[in-house]
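Heads up, the thing below is written out as structure tokens.
Just so it is clear, A, B, C, D, E and F label the chains in written order, and each chain counts residues from 1 on its own.
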Amino acid sequence: MTDYRRLAQDGLWSNNMVFAQMLALCPVMAVTSTATNGLGMGLATLFVLLGANMIISTIRHFISPAIRIPVYIVIIATLVTLTDMLINAFAYELYKVLGLFIALIVVNCAILGRAEAFASRNTLWDSIVDSLMMGIGLTWALVMIGGVREVIGSGTLFANAHLLLGAPFAFLEITVIPDYRGFLIMVLPPGGFIAVGFLLVAKRWIDRRGEQRQRRLASEPDSQQHQPSH
Amino acid sequence: MKAPIHGPHAHSESHLPVMMYQVLLALTPATLYGFWLYGWPAFNLWLVCLSSALVWEAVFLRLFNKPVKTHLFDGSALVTGWLLALCLPPWAPWWIAVTGTFLAVAMLKQIFGGLGQNVFNPAMAARVMLLIAFPVEMTQWVTPAQQMAQRPAFSASLQQSGGQSDLLDSYSGATLLDSVKQRLAMDEPLSEILQGYDDTWLTTLLGSHAGSFGESSALLLMLGGLFLLWRGVITWQAPVGLMLGLVLPALVLNRLYPDAYPGALFHLFTGGAMLAAWFIVTDPVTAPATASGRFIFGLGCGLLAYLIRTFGSYPEGIAFAVMLMNSAVPVIDRYIRPRIYGRSSKGQPLPVQKIKTGEQP
Amino acid sequence: MLISVMPLTFLGLILGLLLGIASRILKVERSSIVEDIEQLLPGTQCGQCGNPSCAAAAQAVVDGELKATFCPPGGRAVAEAIAIKLGIPLDLNTLCDEGPKVARINEALCIGCTRCFKICPTDAILGSAKHMHVVFADACTACGKCEAVCPTECISLEPVQPTLQTWVWSQPAL
Amino acid sequence: MNLALMRERLEYQSLLLGLVVMVTCALLAVAYQWTREPIQQALANDMRQSFSQVLPEHLYDNDLLDYAGQIEAPWGHLTYYQASLAGDISAVVFPMQASGYAGKIDMLVAIKANGELSGVRVLVHQETPGLGDKIEVARDPWITYFTGKSLHNPLPTSWAVKKDGGEFDQFTGATITPRAIVAEIKRALLFFEAEQATLLYPVKLPGETIGVTTQMQGVEKHD
Amino acid sequence: MLWKSLRGGVHPTDYKSLSNTTPIQRFPMMERLYVSLQQHLGAPATPVVNVGDRVLKGQVLADAQGLISAPVHAPTSGRIASLAEHRAPHPSGLPVLVITLEADGRDQWILRDPIANPFSLPPESICERIGTAGIVGLGGATFPAAVKLNLSLQKGIDTLILNGGECEPYLSCDDRLMRESAKTILRGAQLICHAVQAKHAILGIEDNKPEALAIMTEAANGTGISVKAVPSGYPMGSEKQLIQQLTGIEIPAHSRAADSGILVHNVATAYAVAMAIDQGQPLISRIVTLSGGAVTHPGNWEVPLGTLASEFLNHASGFDMKPARLLMGGPMMGIELPDLHVPIIKGSSAILALTEPEISHQQSSPCVRCSRCVRACPMGLMPLEMAANIRSGDLKRANTLGLSDCVGCGACSYICPSSIPLTHLFNYAKGELILQKKAQQKLEATKILAQRREARMERQARDREALMAARRAAAAKKAAETTDSDPITQEASA
Amino acid sequence: MSDYILLLVSTALVNNVILIKFLGLCPLMGVSTKMDGALGMGLATTFVLSLAAAASWMLENWLLNPMGLQYLRILAFILVIASVVQFTEMLIRKISPPLYQILGIYLPLITTNCAVLGVALLNVQNQHSFIQSLMFGFGSAMGFTLVLVLFAGLRERLAVLQVPELYKGAPIAFIVAGLLSVAFMGFAGLA
């Protein structure tokens, strides 16, 4: 029985693609000048990841090691091209933003990594769960980074969300700091690195707090065990 | 048992805080001149920079659980704050100063582990980041002549420093580097551009052109630098390297195309060149550790600054050049190192050399 | 349709053939355990472990130069798998180093039972039946086996005392 | 069992990769057929959308994409689009590219038949957010001030930013971007004046159709 | 000749005038002497006398043991009171075996046999004589002189360099010795030259000792020994630096001066050699500088080895004030003494009692990469990098950066404005690396032991199996013969 | 000629692949703990990038364009790049172990470096000629190597500094990368 909870925890937090594995960095940096862009990229990657994992885990028994990588890459490339065409056809505005980086999902090392590390050795269902979790993990990371950069850099959040999600989601677009002068550096290239750096610090801090609490909990049961006997 | 004390049991006189305070002393003449040149707003700026640098230092020392008292007054935060003040536009509002010292002291120094651990020059990196983040405020210059003709009152200066006045509009002017660059870009010949400034290098030496607060007087800065050199706080390699790096390409291009490229002295005495030469590239923390390494470091800073000034988008390239060379310091330190006694420069033991016999004692 | 599929299919056929041939002709023999470990690794080739490729990392972990937890992309699962495969403890930071020790036999209590003599894996104990035994400190690895078997509890592991010859400066407090 | 053995065979490997490629190619070919229309539609819509920004609705009643012409400009090959109202050419629209602070600025210029600007819009640019990006109409109305201007209003000598002694505002702390745009628009006007005859000559009679895709290179090509 | 002056180095205030103006005084014999068995580099000497024995002055108390070692002699006549552990004059403060000698006050010499015509003897016997006299290098390293001479003789020496550098601040024992015993020193030099068959001899003296320079130049006239001034600066007196200064030769890494045909000895060592050969006197006393801001009467004394430092200080001078730090040796390379209850040994060139301002020590602050240490290092190292790597635990990298080339002179620590204990870090790392190497060697040795044991166990098991099989076979045979139950068969089948 | 030099400067410095274009960040974070490794990686990337630029140009202009198959571009490029890299790796490993130590061990890493595909695609997008494509590939690789080596040097130094626990390792590396990117902005407008 596969431990789905663990898969989820790994994908979403402890083995997060960006914050723990530190892969998929190029799209992370390049398209996260706003939270909306991050969301779009995350969803596109999620789609490719899910598709690739499903296919690869289905056909894994037929593939010989010598041509393993080319086969995986071809499959991923196909999915990416599909995504590219679909976005181009049906979400042109988003396409203008994500541009080149959709094509680069192909070499997004994280996808090939997942294919090799997980899909090629696990069952279809496990692979689906894993890719979903990893993909969602990536998406929230992208949204997070985009959000931080956007708020600090220009004082808004989810600007242009309607372009991605449709007019009904225009309510997401918030101006966090009205009349903000803008801290330009955060929306420029350096801001991406700096934002990821500080978010990593935040994750580390939270992890550490968690560990401390765990340790405290671990020491408490001793005292609790004694209580019932009294 | 008490742990034994290891030798040596004698130490030289020079201690770190002394060095730092000597740097502050060396900066004083240029700063006082800056007060006179730019009036109260400049003084406010200086004050805000220094005090906010100290506050950030204290806050972050606290945050990282370091003894605040022992580190706060080692003078390094003051030097950083002071130098940052000197390279800001003289009438910059207070929040530029506070953000700048935050970037310099907290982000570029304390996060790296505090004094001595930073890899980028805090003052320069903060200046660059401010420039990129607030390009408008960071390129508003005051014309000294106008300021001295009609000094704003202290109360008005408070408003200016508070960022709530449009006083600046009536005093503003471009820096020499900026205006020369822009007019050269519009294909005006250099001789025409510099017509109003026929004694360019003399005035810049004394410093009466618009520019950053402390970069105006090349002469006073040089004086401070020579003082540091005399006290042994700095060595000559980096300053000389920087000046050569600026002067050599300027000489060559000026000789070839006198109407398109300003001469050597122009580059040497405008913008932040002198401040950088004596106080920035000499920052021990962010420079290579060997003498020849420091020369190369200075030379690189000069050449890059010239490149950026002349061919890039920014009128002043010193700060970028320093940051770029800062990032090359580990590489320099790796390849430029003293030859170890008894080893070749590659680190191999030397061949054994027999003493020559037959020589009469 | 057909025309668009053909050329690339052809390309695929050729490349597949080439790679197949290449993998056969150019095969380099490597130890099977390294290959097994490499199989376990994500194959991301990300280099975060400090090795230039997963294959090199597999070699390094087999050589004992890396901890089992070296691979960030692999996460916990891979670390566990490697630890199991190599039979090494996963959490290395639970091991604490107390400095060197050596076994010492209390002469007054030793009854000469020879149990310690028999069990010592490095032959560090000298002595004969019914006579006092001594530890040859240079050979003792402080494994503690003799301490466990001694019926009179006369063996103890004691920190090695420095002498003028072996004393070294300790790390300065900074 | 069998599979494991077979996987080691050369032909298997070659065929497998070939097969995978074939299947994926086929899949993509289908997808391509399916999305080609929508993609072109999206592109065309995007362009129409841009046209509508530089041309007031009352100025034309045709689909500009159907009225594209080619001309050699001093700076290279140019595709232009004619707007017509009730069969008369009322304006031409063509792309221009200015060299801004951080790179090329792609814009669309619409000039009425009488030489007046009908509108200018910036399509793609990399200017600094908060500074140069005020040329986007979404951020600042600056670019709309060109509407109605022509080579006579103001006179060519005043086609410059105020800092250079001209008519047009610059942005505080960012002169380079507006300067580039003003210069480029002036160039467009001068070009229009010189090539008026060609540009205003109808590229086709009503009812004729020309494929859209081949004509859009002029505008499509921005990165 | 114009050699490049000392590379790197520092110029500490030298304080030599505190002690170099008065002549060397003879220190009186104390009632009890504590003669350490470890007064030299290498294995400690093994005692050859028993508690209660009466000994004469100059009699051997303990003999050299092993390849690198030196004997120890009685500094005066008297009775062996005890052989016990006593705190060593060593930074660790660990105990060392010490022979306590109760002086009888008669100071009666054992029979001395000076060599009448040493130059007619083969060099080997001169070396042997120097060895039995217990002479060790008096320049600080206390390396047994005979060992060094023998090895040098085998390598072939061209030039003897006498080290009169004395670059450490405060120290003036060599200075005074050169002024007062120039002839003896030169005689010693000639003897050493003969012992290693050297053709030339050079005496290098720092130019901050003009009197010694003048006296030695004068005395050397006609001896064929050249006396040369070298620029003063710390560590000019270090072997490698002095050789480079005087001859221009750089001793390659991992090689010794002897490989280049050079032998370096301290002037006091030469003096001791002359005394041993010409007078038959073993090394039983040495010149010790007593100095420092806290000392009332600084000066130089000839002190019998084994005199307690506390007695030396009390009788010779006393304190002006409470000293901040007590040292044996110079302030740069010397060691801190936790207390003065330790004996003077052959390597004790000085006892210093320093005041706080003289030490000028501060709480250390972070390295600001000022690179003064790089400029100061005479070996061309980058102390700041080595220290940073050691602090972050990367000793191996520190070693590749040149830790093994560091002579431990302390110039870097002296100059560091952040008061970082650089030399301490280096010595810690050097020690740690040695320990690691030893542990590695031990691991390999035990691995072999374990394998051997395993093989033995297997063999024994096989033997036992064979034995059992044989017995079983025998038993079966027997059982076939007699149906009676037999204790042996029972045992075998059990 | 000067056009080509400008193209080189522009791709190596002004539009640096890593810091400005954001391509190839994973190896930047991964293989930059040691300067030697960074140099090796840079050399190997230079090799592959140039090769990929040439191969993809030929593919585009001789196969995809004539047959109107532009929509298969990503697939064709990556297929060829991956195969070529894998093939080169095996070849080098077999024929020259020393070269393999210098270059080969980094090759598998490069397949998944998006700079390679990114540069190939940019070449097509910018309609570069064959020579221009090669120059573009080479210049990008030089820029990549430069940044990788500088960054590795900085990280080597960071490793021995007293960086606060929370910031040690990856976080401070990212912040330094950000500052490096700030510094590279200084090259703006050079070409």
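Basically, contacts are C-beta pairs under 8 Å (C-beta built on N, C-alpha and C of every residue); 3 or more make two chains touch, one makes a residue touch a chain.
Here the structure is a predicted model, which means the values were calculated and not measured.
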{"item": "Chains contacting each of chain A and chain F, listed by label", "value": "B, C, D"}
{"item": "Chain hops separating chain E from chain B, counting only touching neighbours", "value": "1"}
{"item": "From chain D, the most remote chain by mean C-alpha position", "value": "E"}
{"item": "Of A-C and C-F, whichever chain pair has more C-beta contact pairs", "value": "C-F"}
{"item": "Rounded Å distance between chain D and chain E, as computed from the means of their C-alpha atoms", "value": "86"}
{"item": "Euclidean distance of C-alpha centroids - chain B vs chain C, Å", "value": "51"}
{"item": "Whole-Å separation of chain centres (CA-atom averages), chain C against chain D", "value": "64"}
{"item": "Distance between chain centroids, defined by C-alpha means - chain A, chain B (Å)", "value": "42"}
{"item": "In chain F, residues with contacts to at least two other chains", "value": "26, 29-30, 71-72, 75, 79, 83, 86, 111-112, 122, 125, 161-162, 167, 172, 175, 179, 182, 185, 188-189"}
{"item": "Touching two or more other chains - residue numbers and ranges from chain C", "value": "4, 8, 11-12, 15-16, 19-20, 22-24, 44-46, 48, 169-170, 172"}
{"item": "Sites on chain D at which at least two other chains make contact", "value": "13, 16-17, 20-21, 24-25, 28, 32, 101-102, 128, 130-131"}
{"item": "All chain pairs that touch each other", "value": "A-B, A-C, A-D, A-F, B-C, B-D, B-E, B-F, C-D, C-E, C-F, D-F, E-F"}
{"item": "Parts of chain A lying in touch with chain B, wherever the complex brings them together", "value": "181-185, 188, 190"}
{"item": "Complex contacts: residues of chain E adjacent to chain B", "value": "7, 10, 12-13, 91-93, 158-159, 169, 199-202, 224-226, 240, 244, 247, 249-255, 259-262, 325, 327, 331-336, 338, 352, 354, 358-363, 365-371, 374-375, 377-382, 384-385, 402, 405, 410, 413-419, 421, 423-424, 427"}
{"item": "For the chain B and chain C complex, residues of the former touching the latter", "value": "3, 6"}
{"item": "Of all residues in chain D, those that touch chain F in their complex", "value": "21, 24-25, 28, 32, 101-102, 223"}
{"item": "Contacting residues of chain B [partner chain E, same complex]", "value": "1-2, 4-16, 18-19, 70-71, 74, 76, 113-117, 284-287, 289-291, 294, 333, 337-343, 349-355, 357, 359, 361"}
